[in-house]
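Starting off with a structure, shown below.
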């Protein structure tokens, strides 16, 4: 491996339709899900991940509004206003599902019974700090359940576009936005790269097809350790 | 507890909406069940709005959507203060907060849930390590216990708590509907007075004793729901599409 | 009213078969139960109180092992080992009953949703302190749920024989046994007397038929305020 | 968490008793559901006894009766330490305590329940005002919060927790039977490893999702119960009469 210094600025965007970028990120993140595990998908793009997980591998989806074992969105016209994920989108019930209140839902999370969460990110730092809930002066939605998920799930996958709309790196040496949780992210998945957070620093595990290590490094705001050669996805 | 109108007898807690609305007044502390508007009692919320109650201090998971759940209370400027985990789905509440018209305190969702439950079961508070190293620490007391650091999170109660049940009986026993359960069971415990709105009021003995989620002892009044009068957000999106 | 000084020692016992004494206490205590209220009966003699409460007055019995709305003991041979009160004695289910775990049971109690508890006593002090769980060096059963019940029920009725087997007063100026809770008892019912705990002191409300005020005062280890005349039960 | 034998896969947690017994060892911390023996898993308790596990540190509501519930573990001198709310129904445990053979810590019942639940839901502890002014204060930290005094009651967990369910499915979802529910639902959350014994193991999907009390995520193994092998105390009294 060799360390590459971050290059400030970087090329804007990575091309491609935003919906396509989201789809590519969700598809790659879905491959992180281990059969037979319990997973919570954050609100927003992480919700799309469910579409790429095979139905027959025994993954149990948990929602912090109080459900274990939700399934795919029902066909149009069959939605139930009282059967949704934490993002308020209609879901269905799978065999073995259960309903409970939100103290129990977060009890599972804080107790460490959740194998994985996939969360959206505004920034991820080189040591795995996550910022995903607040842009001071611009966007103050509140943290919702993100702090519990980020701090307590056994494995945290942060997904994000590699840079902001303005081309600013979202993977940075130090987060400048208020944190969701410290040292919590294990893996970062973007449309360009899969990056692992290790005690030694960020390791570039995979680069998206059609993109180069140099391109990824240029768009990353923190040093990257690069195996020779990294994988391709 | 403040003086309030007389409560119905324990053996029949079913009251007309108008009677329940006597318990809401300007400047009160009000707690509500629901998560993104799902599980927030629609008929009681509409009644509070139509009665003109204002200057409310609210405790709930979120501010709903502008036309869904508790949302209209914000849109119609009835809320002075909110303790919630997020308001992202109600940009009007966000605007009011930015303009200083609405005082908002954020609490991590699971911590907020436990604080409400703690109030509901008569605890003083809970010790939580979620949010250490973040702004969630701000203004909180910390405590060292068995070598670990925790935030001291005080219990929450409210003058009145409102919840939305699928079924209720006259003793106040409640069951909920799917993910509309969410915050309702512990909000039901945390009201000095708790009012449940139910889609269906069933005879005493009709609910399976093993499946009752909220035992009637926590509930002071039951009103018949008139059902959801709003369009769910995913229906709105479909209409727009 | 006139205050009577306690007389140390006092006459031993009050005569009568112990089972009859218990029955008399339970019968009188039962009359304290208000129709339409929620009541928890402590373990031991308080359990007998249920036998004297009419079934048609809408009283709901709560048990800290997790039941609201239990009814009378089933007929012999119809007991259910999984349907008991907190003392482990078989009970039945009434319409509108519910089952829950013990955190919810004590949630009801600590939240002040219990209208009344009737508890056995080892000692009650003039200001309503209750000792009912520990005799150091002799009997160390543990407090069970007594502290929650004594401290948090809206009304606490302490029932006890007026004196110990050795003739020592159980109603005393200061408890010498470890407390269950301070200033918690509202009313004391014995086989000899009904005594109210007031800010002014203990008030002798009623004397048992066939017994005198002087007799009660002699067996009581704290000053009694006596209305002229007290009631008879 | 200590090293332990491998757990069964999440999609089928049903194991033979012998496999579950691999998780019990001398000197371990063990938590059990039940209240006076009612709701304490009989087959697992018997298995622990027969395996010869000793020097146990137990957490539970009480010590059962000598022949009922956890009682035989005391009678057979397998317990070094107990945290409970009372031991009045097991005089043999009382004798062992008096002789200094058994270390006992008492906690008010509701406080004990909340401490176990706090461990089960990943809190650090709870603030309680029950027991102020009594010996329950001894050795406890107090904390002033919003003008009131509370005892700081630390959360409790255990290496293994055992519970007794009426029905279980292979995912570990549980329902309980009447007042045998008592301490079981929160004990089920507080084990680093939780083993449920069930009277009936039903197919996945057979339990009503609205009535499941313990979601399977908290349960690591399920064993088939062989049923109650003791005589209930009220039956003993009848036999003696």
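Labels for the chains are A, B, C and D, by order of writing; each one numbers its residues from 1.
Quick note on the criterion: contacts are C-beta pairs under 8 Å (C-beta built on N, C-alpha and C of every residue); 3 or more make two chains touch, one makes a residue touch a chain.
Everything quoted here is computed from the prediction, not taken from an experiment.
Student: Would you identify the chain whose Cα-based centre sits farthest away from the centre of chain A?
Tutor: Measuring from the centre of chain A, the most distant chain centre belongs to C.
Student: Roughly how far is chain B from chain D, centre to centre by C-alpha average, rounded to an integer in Å?
Tutor: It comes to 33 Å between the two C-alpha centres.
Student: Calculate how many whole Å lie between the centre of chain A and the centre of chain D, each centre taken as the average of the chain's C-alpha atoms.
Tutor: Result: the chain centres lie 37 Å from each other.
Student: From the C-alpha centre of chain A to that of chain B, how far is it in Å?
Tutor: 30
Student: Touching two or more other chains, which residues of chain D qualify?
Tutor: Only 114, 121, 123, 129, 176, 178, 210 qualify.
Student: Give me the residue numbers in chain A that touch at least two other chains, ranges are fine.
Tutor: In chain A, 93, 99-100, 103, 106, 109-110, 152 touch at least two other chains.
Student: State which pairs of chains touch, listing all of them.
Tutor: Touching chain pairs, listed by label, come out as A-B, A-D, B-C, B-D, C-D.
Student: Can you list the chain B residues touching chain C in their complex?
Tutor: 9-11, 120-123, 169, 171, 173, 189, 204-205, 207, 209-210, 212, 215-218
Student: Quick check on the complex: what are the chain B residues that touch chain D?
Tutor: Going through chain B, the ones touching chain D are 114, 118, 121, 123-129, 141, 143, 145-146, 148, 150, 152, 154-155, 175-176, 178, 208, 210-211.
Student: State the interface residues of chain C toward chain B in the complex, per the touch definition above.
Tutor: 36-38, 58, 60, 62, 68-69, 93, 95-100, 103-104, 106-114, 152
Student: Report the residues of chain C in contact with chain D in the complex, numbered from low to high.
Tutor: Against chain D, the touching part of chain C is residues 63-67, 76, 79-90, 93, 99-103, 105-106, 109-110, 133-134, 140-148, 151-152, 178-182.
Student: Which chain D residues qualify as touching chain C in the complex?
Tutor: These residues of chain D touch chain C: 35-39, 61-62, 84-89, 94, 97-98, 104, 106, 108-111, 113-114, 117, 129-136, 176-186, 213, 228, 232-235, 238.
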